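For clarity, chains are labelled A, B, C and D in written order, and residue numbers in each chain start from 1.
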Amino acid sequence: MKHITCIEDLRQLHMRRVPRAFFDYADRGSYTEDTLRANSEDLAQIKFRQRILVDVSKRDLSTTILGEPSAMPLILAPVGLLGMQHGDGEIHACRAAQAAGIPFTQSTMSICSIEDIAAAVDKPFWFQLYVMKDRGFIKALIERAIAAKCSALVVTVDLQVIGQRHQDIKNGMTVPPEWSLSKLVDFATKPGWVSGVLRGKRRTFGNLAGHLKVSEDITSLSTWISSQFDTSLNWKDLDWIRSIWPGKLVLKGILDVEDAELAAKTGAQAIVVSNHGGRQLDGAPSSIEVLPEIVDAVGSRMEIMFDGGIRTGMDVVRALALGAKSCMIGRAYAYGLGAGGQEGVAKALDILSKEMLTTMGLCGVNTVAEIDDNLLAV
Amino acid sequence: MKHITCIEDLRQLHMRRVPRAFFDYADRGSYTEDTLRANSEDLAQIKFRQRILVDVSKRDLSTTILGEPSAMPLILAPVGLLGMQHGDGEIHACRAAQAAGIPFTQSTMSICSIEDIAAAVDKPFWFQLYVMKDRGFIKALIERAIAAKCSALVVTVDLQVIGQRHQDIKNGMTVPPEWSLSKLVDFATKPGWVSGVLRGKRRTFGNLAGHLKVSEDITSLSTWISSQFDTSLNWKDLDWIRSIWPGKLVLKGILDVEDAELAAKTGAQAIVVSNHGGRQLDGAPSSIEVLPEIVDAVGSRMEIMFDGGIRTGMDVVRALALGAKSCMIGRAYAYGLGAGGQEGVAKALDILSKEMLTTMGLCGVNTVAEIDDNLLAV
Amino acid sequence: MKHITCIEDLRQLHMRRVPRAFFDYADRGSYTEDTLRANSEDLAQIKFRQRILVDVSKRDLSTTILGEPSAMPLILAPVGLLGMQHGDGEIHACRAAQAAGIPFTQSTMSICSIEDIAAAVDKPFWFQLYVMKDRGFIKALIERAIAAKCSALVVTVDLQVIGQRHQDIKNGMTVPPEWSLSKLVDFATKPGWVSGVLRGKRRTFGNLAGHLKVSEDITSLSTWISSQFDTSLNWKDLDWIRSIWPGKLVLKGILDVEDAELAAKTGAQAIVVSNHGGRQLDGAPSSIEVLPEIVDAVGSRMEIMFDGGIRTGMDVVRALALGAKSCMIGRAYAYGLGAGGQEGVAKALDILSKEMLTTMGLCGVNTVAEIDDNLLAV
Amino acid sequence: MKHITCIEDLRQLHMRRVPRAFFDYADRGSYTEDTLRANSEDLAQIKFRQRILVDVSKRDLSTTILGEPSAMPLILAPVGLLGMQHGDGEIHACRAAQAAGIPFTQSTMSICSIEDIAAAVDKPFWFQLYVMKDRGFIKALIERAIAAKCSALVVTVDLQVIGQRHQDIKNGMTVPPEWSLSKLVDFATKPGWVSGVLRGKRRTFGNLAGHLKVSEDITSLSTWISSQFDTSLNWKDLDWIRSIWPGKLVLKGILDVEDAELAAKTGAQAIVVSNHGGRQLDGAPSSIEVLPEIVDAVGSRMEIMFDGGIRTGMDVVRALALGAKSCMIGRAYAYGLGAGGQEGVAKALDILSKEMLTTMGLCGVNTVAEIDDNLLAV
């Protein structure tokens, strides 16, 4: 990890080390990828005020997230298939997050199961839920998260209809991914990756055991999602989830101020402003474009998390300056994981934290609480 | 068609399978191609509002076009020379359209004649008319369309003067296209295409039989058009056409609000907002740029069809959100035809319909009627 | 000239046929070439209103320029060193202009002398004047133009200080160009060009005979200009020129509305809005950007000619729509000359005239007089 | 230096002649380099009014800087490690500056010491100060500058926290640079550079002798700065510096109008509007973007110097037109130094001065005092 100086370096390493189909799954967006690009490009347009001769010797990234102390205003977002980027990928990512003192969110579509992670780490983690048609299965899933003492439930609300990712189809990504593997080994496996993932035990969706009948269900990722996910999901269903899950609730995938207003009435503690990383509605605004008006509308009533396009600590400070309380990162740490497992995720977090500290110093602030739009040039 | 996931994939396949001169005829625009590019680029700038937790389990693309039910808000636009992209190309395209439950428009400049298509399909299709100097011929053409029970007449009003397409001249495109062939076979014929087109019977403009004296008239496409088309055509001539054609009338090629107002007084049922796919007036605004003001001006009096730059289902939803009742697609299906005949056109329609359904789902609407500018981010 | 369909094609041919140093002299701009690029790019931003169903069967490009009938609203601008692009280049260009029925302007820095051209053509041409320190020589030059019955004097007012053209220095362009030649023959001469220029008699500045002492004065183009041109030239000097030249006077190189106001007081019949083709003040606005305000200020008092970035007939219509009475073209015809002598210039004029006619037709006008800002989309 | 016509040419030559690590140190910026690019791009957007027929025969670049006459409104900015670009680099640069009649600023991070330069040149130069934790050392440094009769002290206030320059880390830049050298010789040394730098005596930071214990302290540049520089530095510390330094004081690194107001209260004679050449806060506005409001706020109370992105004489005129009294150049002369020592710096100054004179001439002004926003197009 010697010459790794930025997230893009981790991305390049990830690309070299992991079979292309899995790298692409993490890296690419839906359709023309216009929204994917907008996420990063719109962040880069936001300019800082450089401030000088302020004592910045006591800079500190600590904050609270959902009322709990966090070493940084960062959360590892739920990302599917982490275990295909690196053997036991979810465990590696969770350990790196906990070592850095920030929350990790496990995806429903993880390779490790809830129980796998719970057994491997000491502290609670967050669990992300996709709502499928089979409500019995969903209820069981929530109950497993309760049993595993997950400290927050993140319900993703922007993927009942799946945005097509051309590259996944061209690459032949399937459910279960184990079957994708059988094709990948022919052309793209890499030695380090093979020993880490291919020879391991965990190669299918750990949380879907029993639900996903491997022998019958080999299918493309998008077809599988279309068959399983419930397109009728609506605000009333949240009441049902609320009735099962007693803990903190986060709604992920809000991009419109009207939806933010509705979310504020559900009793959820937080929302994540997100367009699913440019993987769903192509042509949607960037997350950062809509953040300020959502903060204006509901920021006093809920915690606002930001997700979408964060690749630098500067981007984190930008989102915080526009009103986010914390940022979820997805690709930024997934690249680290693919590049080097737990160490790679730790490297990603180290890069982002140093960039945040430098940016804060050059903007003349010492604490996360001081970050507001006074830091931005108009 | 396995790894075809978007219209651009069909375009690439078309390019590989069909002699370049015919591909270019479909693909390229006039002069600097600024308007061609603007058509797509301006569409891509329009952003959607992502909406969540709406029951979108009953999405439905059906609508009406000119009062008739249509499975989707799409019409196959008139495109010249389809029969050179694939043997019996117009019949393939018409069959694909009718199988998908949407209208097909035959171009005056088709390779198959009106009668060829009428004999090959069960349901009525639309006929597109170019007005030439020889009004006797034009009258006969309209009467043939009546005899073939064509269900709408689309009069193209933006090509009395032809915009030069550099590539067609460089490629030696001629009228009749059969003569272009004699040069093409030397360097560019492809096996599949040869068996489909070159060995077939139909290799010249079917509708111009008798009118176009092959032995005498070998000339460049643009010279031929200049010699045949009537540059004096004006609003009064529409009365004459109206006196012959008793059915539904559509005016194609309106790009200015003053012209839209004039068109509304002709008794035509619909207009097509179009710049001829960036093939005529280079420097004209994109079709989508002018759509809203035309809808404002005459949308309550006529049906507004949109044409120009549609390459995705997202683009269709954009045009509908800005007030179009339906969209004509040209290149999008011509690429499919060149790539794989009827199956390729069906694939193009399948891609667009799925993209529309996904976009509607992620915007939280179930019906075409619900699509309005409330779906767009400002 | 078979596959030549646009000015850019002529440019490519010019580049292949003529030694690079002479091509570059015509093609390149000063410093970063920002203004050179802006000239064309800003023109391309101007959009037309496409109009339909107007009888455009009687389109006509004829107009008047300085009160004389002209077949088109075009003037061949003064361009230095034409005779190095093609043997007897100025004569070729002048013949092409006169055959097309438009004015040709001879540059002070021509290879052929005033008398050479006068002897070769039947009709009067225009003469362009650079004012040098040696006023006796300038007086003689004006008197030679009078003797040659030149029909207008174009005084260039934006080159008393020369904008550095990096490529000319790197290419070793000298005064006289004959000396540049001695270097060019080593590496870059092309057969057709050799027979046309190198074996001919005219290889130095014809108008400067006597004034330019060849044996002593071999120097770089920019050094020579700095030594000869009069940086103290100011409005009062125009009175002196007026006292010698009795005919029509045109001031070329106005880019600022205050200067246009001053020019209107000199008694000159016309001004040319120009930034010397992006060859002088790098960072100056494009010519088209400043045209409207200059037209507003002095358009009722003087004839406004436009110069800068015209590469298509669409560009000509754009400038006319914004208030120019006619357009000077420089590179557009110089490329033609380098590509093919008189025939090449004729081709350039043919291309532009056809593009103008098509644009007028698609905008629904028949005459140059009808071209105004009503043709433009706002 | 024959075909060198612009600063970019010097940059290319620098790149070829000097080991990449040292070239990159001068050339690159921090993080994504967005601010680095903005510095130049925003300058290029500023347009001039071309003026004509003004007597510009007496153009003159002379002005005053901090009350002293200067031949041009230019100052050589402090640049670290000049002595690694060329043997005795700081002496070469200082001599070129003094020969051209403008100030040279020595960086704290120079290879030559204050005393080295003082011994090599006749006239006073400026000294730039970085404030480190060891205030005894800083006091001694200021006293050495006093002893060397430095005519101004430039305190840099925007580098207490260092912005990461990826390329320096990848290239293994260290403190002291001598150690970087030991790695460079393996792969990148160039003959001319070797004899100039590698065989010389001066290969470490001359001003840090004693302070920097070479044997113990080999470390990366950024780590070293983090360990030495005082992040608690604030406005009060300026009083302490003022108590030691009796002469003219310049604060370098102001980019915000509030900081400019504070600076105006310190008694400093001048501020340098600067973002450290895009090497510090990535995402900061370009220097030119903030210049006008800073001039408005404090221009009447202090001398405003501009720094950031100057690559042409046109850029100098732009900054002056927006209210700067003079411009600091950094990379522009560092490229010259790397390309050819004192001669290269002289060439850079010659290029810029000629470009300034040409721009002034084409804008119709003769003196620096006449340059104001009346020269700019709105």
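Here, a residue touches a chain if its C-beta (ideal position, glycine included) is under 8 Å from a C-beta of that chain, and two chains touch if they have at least 3 such contacts.
Since the model is a prediction, treat every value here as computed from it, not as a measurement.
Q: What's the call on subunit A versus subunit D, same or different interface residues, using the half cut on shared numbers?
A: Homomeric contact, different residues on each side for the most part.
Q: With chain centres defined as mean CA positions, report which chain is farthest from subunit B.
A: D
Q: Would you kindly give the rotation angle relating subunit A to subunit B, two copies of one sequence, based on a CA superposition and rounded to a multiple of 5 degrees?
A: Nearest-5 rotation angle for the superposition: 90 degrees.
Q: Mind checking the centre-to-centre distance between subunit A and subunit D? Centres are C-alpha means, answer in whole Å.
A: A distance of 43 Å separates the two centres.
Q: Report the inter-chain centroid distance for subunit A and subunit C in whole angstrom, where each centroid is the mean of the CA atoms.
A: Going by mean C-alpha positions, subunit A sits 61 Å from subunit C.
Q: Where in subunit C do residues touch two or more other chains at once?
A: Expected reply: no residues.
Q: Which chains are in touch, pair by pair?
A: Listed by label, chains in contact pair as A-B, A-D, B-C, C-D.
Q: Which residues of subunit B touch subunit A in their complex?
A: Touch list, subunit B to subunit A: 3, 5-6, 44, 46-57, 59, 312, 314, 318, 354-355, 357-359, 361-363, 377.
Q: State the interface residues of subunit C toward subunit D in the complex, per the touch definition above.
A: Against subunit D, subunit C makes touches at 31-32, 34, 157-158, 160-164, 166, 169-170, 230-235, 237-238, 253-256, 258-259, 262, 275, 280-285, 289-290.
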